[in-house]
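Presented sequentially are two complexes of chain A, the first with chain B as partner and the second with chain C.
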Partner chain A sequence: MAQSIRSDHAPRSVPRLSGPGSARERLRTFIRRHKLAPYLLLAPALIGIALVLLWPLAQVAIYSFQNYGLAQITGVLPTQWVGFANFSTTFTDPEFWLSLRNSVLFAVVAVPLNLLVGTIVGLLLNRLGKKMSIFVSTAALLAWATPPVSASVLFYWMFNPDGGIVDWALARMPHWLVGSTDWAGYNWATNGPVQAYTMIAILVIWQAFPFVAVTLLAGLKTIPAELTEAARVDGAGPWRVFRRITFPLLKPIYLVLLLLSVIWDFNIFTQSYIIISLGNQNEYNLSMYIYDKAFGFPPSYGLGGALALIFALILLVVTVGYVRASIRQGALT
Partner chain B sequence: MTFTRSAAALGVAVALAGTAAGIAGCGSASPSSSASSAPAKLVVWRMGGSVPSQVTWMNGVVAQFHKQYPQYSKTKVVVDWIPWGNRTTDWTNALTSGKGGPDITELGNTDTPGVASQGALANITSSVHSWSDGSQIIPGNLANDTVNGKVYAVPWFGGVRGIWYNKNQFAAAGITSPPTTWAQLVSDAKALMKKFPGTYGLGAPSDYTNAIVSFIWGAGGQVAVKQNGKWVAELNSPQSEAGIKFYADLYLTDHVSPAKYIGETELGTVGATSGGSNEDFALGKLDMYIDGPWAESQLAAVSTKNESQWASFPIPSENGPNPAPAFAGGSDLGVWVNSKYKTADFDLIKVMDSPANATTFANSQGFFPEFTSALSGGAYSGSAIMSGFAKAAAYTQISPLNSKNWATADATDNIIPDMMKALMQGANFTATVNKANTEMQNVLNTGSES
Partner chain C sequence: MTGTELTGTELTGTTMAPPARGQAGPAGRRDSARISARTVRQAKSVSLNGLGLLIALVTLFPIFWMVSTAFKPSQEIYSLTPSLLPAHPTVGNFDQVISGQVTGGIGPIWLFFRNSLAVTLSTVVFASILSLLASVAVARFRFRLRTTLLVLLLIVQMIPGQALIIALFLDFKSLNLLGSLLGLIVVYSAQALPVTIWMLRNFVATIPRELEEAAAIDGATAQRIFWRILFPLVAPGLVATSIFAFITAYNEFIVALTFLGQAQSAYTLPIYVTYFFGRGGAAWGPIMAASTLYTIPVMIFFLIVRRRLVGGLVAGAVKG
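Our next item is the complex of A and B:
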């Protein structure tokens, strides 16, 4: 990039409204001497973040060491400090580990699939002509832009045992192809975590791959055509070109996409809440488990706070790992 | 690549904020001030969906209320309809914000002890004791609304589950009288399936605690019993296990219930208000369906084709001849803790729950009134649908479904639904029931149970 953005000279002589010894002038000198201007400019945003993010976060941390719930709000029972009781309750609850397992396995399967589908579509978009490329990317972005609630309801109906199109179609296929299960009334949402998350994985990937594809497309456009051409002349096939040239050059973008996908797929709640619905506890993921514990009746904000902190810490580990990897290979410069 | 860093930071911030902000954000409720005389309006929370006959009934009640209590002649009564699945969320939101709550709320009778112990309901002990009609209420049901000697709600109507069937279908399959033992129930279900290919004999949704308990009780078992002030879970007693196994086997070995009901309530997906076995019975795809008489309006909304043939019989016990004890469900009316007009609230409750009005209401909706006088006599034997339920109503049980922690055990931790779902999906019987039993005992004994 050209380094020519140097035209932001402030006018040197500002018309003075007051004398050099005035309070206003002294304040100005103070700010300049201590280099406070950047902090002052940041202050409004920081105050905003502190109010809407840091204070709730502190509250959650406080609750997590209390027995805080509905009876404490209505004043029937006193609020008490309970030490690490909420955390030990969580860690000794087998349902917690089951939910964690569901969340981790889902992310392990969905993230690579998402990146794979996104990559294939991204490469395709890069090679398509202008009209077709616009058509494909518009179609993909419509999936991305569909609100998750609408998309979840749509999938819920498609996979419904009472006349959903997927069950209907499977029931009409020959047994040698789809097995002898009674597909006509097959309940994907409640039959078990594997079935439910298969359905959710299709939904989540369908909605998330366009972002991957378009982001990669932007990266692909920056790769000089000479590089791939030279590789082809040297006899490299498409796979080799991708592995030796495209992927290494796009690695920083892949890292971002990986991190974001992990966070998103680990976090999914809307889709699982609508499709699985509360009550099928063996299919809960971590977010549903937290919701059920925090807001089920009677609600326990203490337990919910502890869970939210645990959840945030897990995501923090992912992030720290990512930042370390990025620094090591010089992406963050 | 500065893009990388800022995008990453944004992603992390958004993720963390989402996690944290979801939990916080609960204000505190301000203590209420009571004893104003003439409110401009009273808000009543009713559960379920608005039905024309209920609106008509309520209009009549309000007219009586204005007439009997001239001081409230300008008071507007507003009814808000709360779907059953949203009730605990709505109560919680009203309590945590201290705003938007009702003056009077309907509660499921199993909700009352738990909701009262969370401080949501006003103590109405003295009002109930000075209420002349109050002495006629079935004593056991009023005891259900009493926590630590204080009364928090009054029973309004009751109901029991039985088994719905189609009289024509029974006749066609050669079934002359409804089954009174489990063996007959299964053989009848199979006979119906044989006669009507493509249908299922008897729906057994796994998320249906209030019906499953009838089978546990019907074999002489108990969910939990109280010994020396502590709950002892008995799901793994031989009798309880017989009932649990029978229900699971309706799907597993008898194949009279379809796989799709696993993980469903009687109304389909958890939280849904229609669908599942209810819809299938109305459409004739299911031959026998477990539910209460109140299901009639939902069934008729799906299809009225077979309505004239619908009838009921009580859930059989293991070896007959008496029915299995049915869970005594029903609704209560309570005064909201934050209401400013607690006197007016109870005056309105007295009109809604007068023996005459409560009986009219119950009869119109397929329930039974909570007054001993209204239940005696043969008022219900003439109706095909109600007669079976009236028989079942003579054999009821409610404990431990009215214990303080039952909401946690059933609605939050889903102990019995989870157990039944796992069993139907082929989990080891003894291990699964033992696990549920341990969990049940722990949850029921959480906190200070008195």
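Our next item is the complex of A and C:
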């Protein structure tokens, strides 16, 4: 090793250093003989992933069985093993169940809507002329490209009770269409979980449908036109064509999109943190509940760890489904 | 809307056939069939384009509203009858944000631009280099646990930031890296890796092995083969992974929020925008101006790389 470092500084005209028998050459032979090349190439990336993604997960699992909080981080008291205490505290806290319910209901509503909107736009893009198709997909791309923080702040402004455009427009619509609520000055963010998550669902779908549409469009392009045309000539309506031909052929893509959307929508933090903000407990989702327990006052990393572990396990179930679907799609070939 | 439009499709499907083999029928019927086929086709095209236009405009509206609000003076912003375009456009909101002379502001926006740029570019460079090396390993070598590793990466990619943030916070606290950009760069690079390795692996796998073998027979060294053959061919893939790493770092919220805390001089753009958004009596003009300045560069960037992006994302999504 020392020799090879010196060889970099040696004059170029000394050929022996890079010839057979030099340290460099010996190292090369060693790597080849032991088939080390792939491991050396992988090492930097894997070390990074292990230190920043895997080790913290293990730590979180450890914290979940400890009473790790303010007293422990300041060194006043030592950390102690507390068994399943953090878990039983969690499971007996009604706020936990409320936030879990909010997360689950949000995903149950937002995911199908997102897939529906994405499908409609995807099918439309497939049929539009070139110019119009570029226009629509560019608009969608811009919505998708908007950073979540910008989008959340922007939707908060649009749905704001003071000067927000949504309340203004709703207040001017006929009652038979928008109900008899007094929409002027209606507060979407704090009136309750249904209102807050309606707003967040519109925001999330606005940002996510382009991905669904473009991914489906790529799938639609692989379906031979003769197939759908033949069905149409045989008298099948568009709904039948979609249900009997398009959907079955795109099923694997739909499965991946479904699982990805479930993971993303179950995960949302940025949007809910900005729109709901900490302190509004009855509107928390699981992510916000975890964050508040861990970093709120008093901070409890043990309780947060237990919650993070529960959260990761729920997501693991969906992720395993996603991985299986991806592999069936030929991801590993 | 879709209902009528789709029925139109069905009609054309059946009525378009007669004119093509219309010679058999009487001349009159053929003409009327042709006319009705054309009307139906036109109606269909109009309704399709109308729907497309509607979707595009609804999708663009929030972005338009952000920019429009940013150019409005405050009496127009809080007016009881909001107008689409500012009646008296002003750059006052931008002035406030750029000079830092804004209520609740913590300095000119360029400071936070600089922070975001430093974090984002470093993440792109680190993630690209590390994932290029790793992707060559998984695409070009057979070794033990290769498949296991690929599956593991797919799973790791899905671990949410919220699950890790507690441990990351405590680890980086003990490393004294909390209020610094370096801490963010390390975390973002690692977070981007599982996806970027997969994306690049798919690119490397499509390059025919024979190219490298032929070069090797001609006596080219491994480095030469890499730089002269593999690298140029995998460059489009690197663009795709760079875009992914770019979005990861430029948009990231929860880690920056937790790590940066009160270290205002290290704030990245998303934290800066939410910081003065959260300052009670929200001044929507400057907030929208700041959001616009944060959003527009990334939109321009996306419009430039549009074509590559679509292909790369689809490859990343559908293939894993």
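What we mean here is this: the second predicted complex is superposed on the first by the 269 of 333 C-alpha atoms of A that agree within 3 Å, B and C clash if a C-alpha of one lies under 4 Å from a C-alpha of the other, contacts with A are read in each partner's own complex, and residues count from 1 in each chain.
Note that in this section a residue touches a chain if its C-beta (ideal position, glycine included) is under 8 Å from a C-beta of that chain, and two chains touch if they have at least 3 such contacts.
In this text, all values refer to a predicted model and were calculated from it rather than measured experimentally.
Enquirer: For A:G185, is the partner it touches chain B (first), chain C (second), both, or none of the two (neither)?
Expert: Touch partner of A:G185: chain B, not chain C.
Enquirer: Looking at the overlay, what does A:S326 touch: chain B (first), chain C (second), both, or neither?
Expert: both
Enquirer: A:P147 contacts which: chain B (first), chain C (second), both, neither?
Expert: It touches chain C, and chain B stays clear.
Enquirer: Specify the partner with more touching residues on chain A, choosing between chain B and chain C.
Expert: After superposition, C is the partner touching more of chain A.
Enquirer: Which partner does A:Q281 contact after superposing on A: first (chain B), second (chain C), both, neither?
Expert: The first partner, chain B, only.
Enquirer: Going by the contact rule set out at the top, does A:Y39 touch chain B (first), chain C (second), both, or neither?
Expert: After superposition on chain A, A:Y39 lies in contact with chain C alone.
Enquirer: For A:W206, is the partner it touches chain B (first), chain C (second), both, or none of the two (neither)?
Expert: A:W206 sits against chain C, while chain B stays out of touch.
Enquirer: Just checking: does A:A294 make contact with chain B only, chain C only, both, or neither of them? Give me first, second, both or neither.
Expert: After superposing on A, A:A294 lies in contact with both chain B and chain C.
Enquirer: In the superposed arrangement, does A:P56 touch chain B (first), chain C (second), both or neither?
Expert: Both partners, chain B and chain C.
Enquirer: Which of the two partners, first being chain B and second being chain C, lies in contact with A:V76: first, second, both, or neither?
Expert: The answer is first: A:V76 touches chain B but not chain C.
Enquirer: Which residues of chain A are in contact with chain B in one complex and with chain C in the other?
Expert: On chain A, the overlap between the chain B and chain C contacts is residues 52-53, 56-57, 59-60, 63, 73, 162, 253, 256, 260, 263, 267, 277, 290-291, 294-295, 301, 304-305, 308, 311-312, 315-316, 319, 322-323, 326, 331-332.
Enquirer: For the complex, give me every residue of chain A touching chain B.
Expert: 52-53, 56-57, 59-60, 63, 69-71, 73-77, 161-162, 182, 185-187, 189-192, 252-253, 255-256, 259-260, 263, 267, 277-282, 290-299, 301, 304-305, 308, 311-312, 315-316, 319, 322-323, 326, 331-333
Enquirer: Please give the residue numbers of chain B that touch chain A in the complex, ascending.
Expert: Going through chain B, the ones touching chain A are 1, 3-5, 7-8, 11-13, 15-26, 28-29, 31, 88-89, 91-92, 95-96, 114, 117-120, 207, 258-265, 268-271, 275, 279, 337, 407-408, 411-414, 417-418, 421-422, 425.
Enquirer: With touch defined as at the start, can you tell me which chain A residues reach chain C in the complex?
Expert: 35, 37-39, 41-42, 44-46, 48-49, 51-57, 59-60, 63, 73, 120-121, 124, 127-129, 132-133, 135-143, 145-151, 153-158, 160, 162-163, 165, 168, 206, 210-211, 214-215, 218-219, 229, 232-233, 235, 237-239, 253, 256-257, 260, 263, 267, 269-270, 273-274, 277, 287, 290-291, 294-295, 301, 304-305, 308-309, 311-312, 315-316, 318-320, 322-323, 326-327, 329-332
Enquirer: In their shared complex, at which residues does chain C touch chain A?
Expert: Contact set of chain C toward chain A: 2, 6-7, 9-10, 13-14, 17, 45, 48-49, 51-53, 55-57, 59-60, 62-63, 65-66, 69, 77-79, 81-82, 130-131, 133-134, 136-138, 140-141, 143, 146-147, 149-151, 153-156, 158-171, 186-187, 189-191, 193-194, 197, 250-251, 253-254, 257-258, 269-270, 273-274, 277-278, 284, 287-288, 291, 294-295, 298-299, 302-303, 306, 309-310, 313-314, 317-320.
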